[in-house]
Amino acid sequence: MANLADFKYTMESCNHCGQCKWILPARMKGWDFASVCPLHEFHGFDAYSGQGLIQIAKERLDGKLEYGDGLETLLYACPACGACDINCKSVRDMEVLDTIYALREDCVEAGYLPEPLRRTAANVEETHNIYGKPHSERFAWLPPDFRDDPEADTALFVGCSAYRYPDIALAAIRILRAGGVKFKLLREDEWCCGAPLWRTGQREAAEKLIRRNVDTFRRHGIQTVITACAECFGSFRGGYPRYADTEGLEFKHITQVAAELLSGGKLRLRKGDEPLRVTYHDPCMLGRLSEKYVPWDGEIRPYGLHVPEKVWRRGEHGVYEEPREILRALEGVELCEMTRNLEEALCCGAAARDVDPEFAAWTAAERRREAKAAGAQAIVSCCPFCRDALGSDGENALPYLDLTVLLAERLKEEA
Amino acid sequence: MALSAQAYRELAAIVGERYISSKQHILAGNRVRTPEIPFDYHSADAILLPGSTEEVAAIVKVCNKYGICFVPFISGTLPDAYANRAGTVLIHLKRMNRILEINEEDRYAVVEPGVRHVQLYPEVRKRGLSYTAASVGPGGSVLANFTSTSGDHHTQYGSSRSNRYLLAVEMVTPEGEIIRTGSLQGGCGWFCPDGPGPSLRSIIKGYFGSHGQLGIITKAAVALDACKGPAEIRTEGVSPHHRVYFDSDLSRVYVFNYDNIQNVCQAMLALGEAEVCSTVQKYFYLPLTLLMSDSANDFWKKWTSGYKEAMSMPLVVHIAAQSVREREYEEKILFDVVRETGGKRLPEELENWWTEHMDYFMVVSRLQSVLRLGGGWMPIKLGADSVQHICDVGESIGEYIYEFTETGKIFDAPENYQIIPMEYGHFAHIELLFMWDRTNPAAMKGVAEFRARSREEDLRRHFHAEDVGCLNPTLLQLGPLYSNCHIWMQKIKESFDPNNVANPML
Amino acid sequence: MLYPENTRQLEAIIQKARETKTPLVAVSSRGPHLHGASENPNAETVDFSRMNRIIKIDRRSRYVRVEPGVTFDMLIPEVRAAGMRLNIPFLPRAGKSVVASALEREAVLIPKYQYDYTDPLLTVEAVFGTGDAFRTGSAAGPGTPEETRADMVVPWGPGCIDYLRFFSGAQGTMGFVTWATLKTEVLPALTKLYFVQAESAEKLTRLASILLKRRIPDECVILSRADFAGAFAMSAEEEEKLLKALAPWTMICRVSGFDRYPEERVSIYEGYLKDECAQAGLEAVTELGGLPGLAEKVESMIADCDRRETYWKMRRGGVRQIDMLAPPSRAPRLIEILENLRCPGDFGITVQPQVQGMAFRIECSVYFSGAPEEAGQVDKALEDAARELYEAGAYFDRPYGSLSKLAYAADPVSTEAMRKLKKIFDPDNILNPGKLCF
């Protein structure tokens, strides 16, 4: 929960160094692929950047700026990918992304949430999924012979994307089964994770849904929640603690679980049919934005001293290595890295598609261009929304492979 | 004065509707107040994103026609690059971002204003070349650094200041003419800044650039040095704990602490005479601790537990040799000189930080962490002369700074100045960096007092501790003491900008 | 002829000239004047020979400050006595003004010490055509030169104008310089001289470019056979012998060691030199045939000005020169054009890497009897060559005489901007009018 006044320190600390727009020097490779903020790169004006948005937030806080003339479109065109935030925090103690979230809450309060996002929110409210499909069909893809482990304290949270990409959910089930992980599904009790609400500043609706979800986990005796969706994962870890007490709950991405199973020798893999050179795209919500959020309510004293000491989310502890470990374990698969990788990965642009489709399409094409420049024959990731964006037709089209599906396909048939 | 509809239409016709805006929220992105500037900037009436020199020239002509002031803008790190009066448009040059040429044989690169250090530096390094990327950080514009800022760099001891490396340029004059300097004016390419005869280069950059007051530089060639170090850099870890290594037997970093600036001076001169080492720099101790810290809280822990004393006057030395034998030869001289001048090597755990952060010696990575204490921050003096003179300037700071540090008006770090020699000790640059608590509204008064006092003390001693800047109030104050240069600057400005529309600060 | 003795007198002279609209031209070297910059039949001559003080030699901060009447033969021994050396041109005239040489951006022998084309010139005091005195760079202030505690060595500014570059290459059209500060370097404790000979200049320009990029040699110059022989022979006989013995092109370069471990530095750097030569298919040698003791003679001569009674370039009676700058990639083609020059007399070519090897100053000297009819033919031949050279990318950065038309033709808008500047600093156009584009 945030309001603009909470981020006054950030707004007044910015010296316009540009770190929020450019790749960190440790990863610099050349002229191309040096921008980390797709919004700024596409639109050009500084208002379309972390620096610009925190300045806009300051003017809103000071009552100097109004919505209604396109500001709301700018604000929601930003995919909130967090590249600005972690780049800034590589050198500063500022909360750029949280300021953007607070600005979104301000926009919602002012009544300017863009129409496509209202529709999504209404879908979540009415059908518990982002697509507005019947809740009863949430698990329609599930094989009739699937059986939960009734005593399990682990749940596989399939997410709304299972409506669209049931192959991912099925692949996750196959991996868990192959590795001997005992788990269950929440079935009709599984609702949207809430990402489309909290990430867009819809505080009240988000809080209601998130608390409900946490209660559901507890009601089912769940201690560990596994998901194959980066957006759900990032929300559980980076969003939920803002609205609910998640103490005692552990959230894992399927790639973490799979990597653990692989290193423990619990998954047996077969060789692929053809050698394949792939690159891995780090989803924002699995990578830099997946660190646990630790609420902080303290005082900032002179010269930046935070009392009590604050736990910062600087993007260092995202899930970066496990997906790569899996790829390295797939015989015949060669991993090549893009320039903007790990915490510096360029966003796929999916979050902007409803508000600024031209920009979203450009961002996806830009990311595919980078993958091609790295020499990849296919781009691998593990987020259904990245799949929407990067797997779509359009400029620089390139085969997209979901990592969970890819791994499941390589599992040796169980005896 | 708001932009007239007619003027807006004419400007939009030049760049296209997509690349001009007068919407308030777009203007807000550059209507910014930074922690070190105690006032709100004026709002620009519009921001334009031209895509070529010709578009810039056409915009400037429209500005002259309607009496609209213009300010060229790229990264926004210079406080002068903002609207300073009503009736101003910002000409944001970021779309002009091509590296037009990297000429390996003739050792120069030609860039447009939007090319950033983090883009050009790796490109030239791949080719075994390098340049003195000024201390602005990775997102700084290469062109603005070479043409507009003081452009000093940590590694300029074995090379020089950016002035030396600015070759031919193309510029749009305040009236919208396109002019070229040096060999480009002579029709002979980019390699030479001077001539034919006297040099138009003279109005491009003196000690500082003109910050758009004499025109908008649209292309510039910068000279490239041989890169002493590996072309491939090894990076480990994830931000903010990247470690960047030079995997090479030819590279070594040493840091020594001194207790006396005159001894540092002697060391700098002795090393310079021997023409050894690549970087020799007396660094600031406060930013150094900040560079090594994970957060402001972490800084406070380190600062109060020995870092301040252990690195009170650090001399940072980087040896980048062409052979192991040369490295050993340079090390031998370095250790002799340090022994003779009373330097003490830092403990290994502190010195190792440098070896793991070689990006410091390339694009001045992580520089912005000096702002971690909240951003109340100001570099002053910024002058250059001989190493001896500049060390004398540094030594005198202790005679007047304590009444500000001990009363809490500014941060308690009285030795927080850096001295960077150039051209193997022929000259040196000084920067006194002080910080203050910007959350305290009264602090700005102390800041102004300290700035004024520093200047007053230097003038009283007849120290050349600072230069006069572009055509701004500082120039009017100091000009009469600096060969009446304000008069000549004004005459040049009037001659080239008769309508006074090019970033007028007076 | 006017002989100012100090800045105040020069200010008065210029102010008077403004009132009476009298053009002035400055002379500070003893003759012969090879380029004609200081010849202006319509102007009164201001002769700086009485302003010949060596104001300061500073060993610690490595600079000298001298008036324009100080010549190479005066200054070189004084600087050496202080344990330093000047970065001088190749065998300059003994009577050449040190300040004028630097202002004219004459090529210097040690390119590794050159970070800029204006090097070794650091700061100047000058009087503009308005009659106002001015000091550049860190000499500007605060206060007068007597008051300031600065060493006045930093070239840039004051402010956002690089005033030094108004005077550099201006042939006295912007202002008259009354003193200048010049960079000096430590005298090496040990040196080793090498010769590298080649059939083509291109092999040597490529080598020099690489060597200078790595800052291996101190002195470095490439001479055609004719210029090598002319420079180092003490008689026509010696010249003849050398012409027979030399390869078409010779590079002279020297590596140095300083006070600390000099042998080690020389050993390391000569290793680099030999390696680079070997990679280029060349050989660096310490001796040359042709004359006994030639290496020792070359080594001592290049550290000094030409103290012979007749300047080596005047040995035939007359000389005409053309010089230009070229980046490494373009130098070989320009040298090739010059090698095919057809004109009376003989000619030599001197190629000097500048600014750490980022450019070459290519100077072609035609040596002839000095007879007026021959001079006309030589001038015509050089004018024709200039056009061809220009087409091939030669940059006439310091255009003397008729070359200025070529040099300013490419960009009339920029030339107009230069005239604007001239009008500010010399509003009545009294300083050397008719030169360059003024």
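As written, the chain order gives the labels A, B and C, with residue 1 at the start of each chain.
Keep this in mind: a contact is a pair of C-beta atoms (placed from the backbone, for glycine too) under 8 Å apart; a residue touches a chain by one contact, two chains touch by 3 or more.
All of these numbers come straight from a predicted model, not from anything done at the bench.
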Per-chain CA centroid nearest to the all-protein CA mean: B
Dominant chain pairing [most C-beta pairs in contact]: B-C
Centroid distance [mean C-alpha coordinates] between chain C and chain B, Å: 32
Centroid distance [mean C-alpha coordinates] between chain B and chain A, Å: 37
Whole-Å gap separating chain A and chain C, where each centre is the average of the chain's CA atoms: 65
Chain C partner contacts - residues on chain B that touch it in the complex: 103, 105-108, 159-161, 163-164, 173, 177-189, 191-211, 213-214, 223, 225-226, 269, 273-275, 322-323, 325-326, 329, 332-333, 336, 383-389, 392, 423, 425-427, 458-459, 461-464, 467-471, 475, 478-479, 481-486, 488-489, 491-492, 495-496
Partner chain B, residues of chain C touching it in the complex: 60-63, 105, 113, 115-118, 132-135, 137-138, 140-143, 147-171, 173-174, 183, 186, 209, 213-215, 258-261, 264-265, 268, 271-272, 325, 327-330, 355-359, 390, 393-399, 404, 407-411, 413-415, 417-418, 420-421, 423-425, 436-437
Touching residues (chain side chain B, partner chain A) in the complex: 19, 21, 23-36, 47, 49, 75-77, 92, 94-95, 99, 115-116, 118-123, 126, 137-140, 235, 238-242, 244, 295-297, 299-300, 359, 362-363, 365-369, 371-375, 377, 411, 435, 437-440
Chain A residues touching chain B - in the complex, by the definition given at the top: 9, 12-19, 21-31, 34, 44-49, 51-53, 55-56, 59, 64-66, 69-71, 74, 86-87, 89-93, 300, 302-306, 309-310, 312, 314-316, 318, 320, 342-344
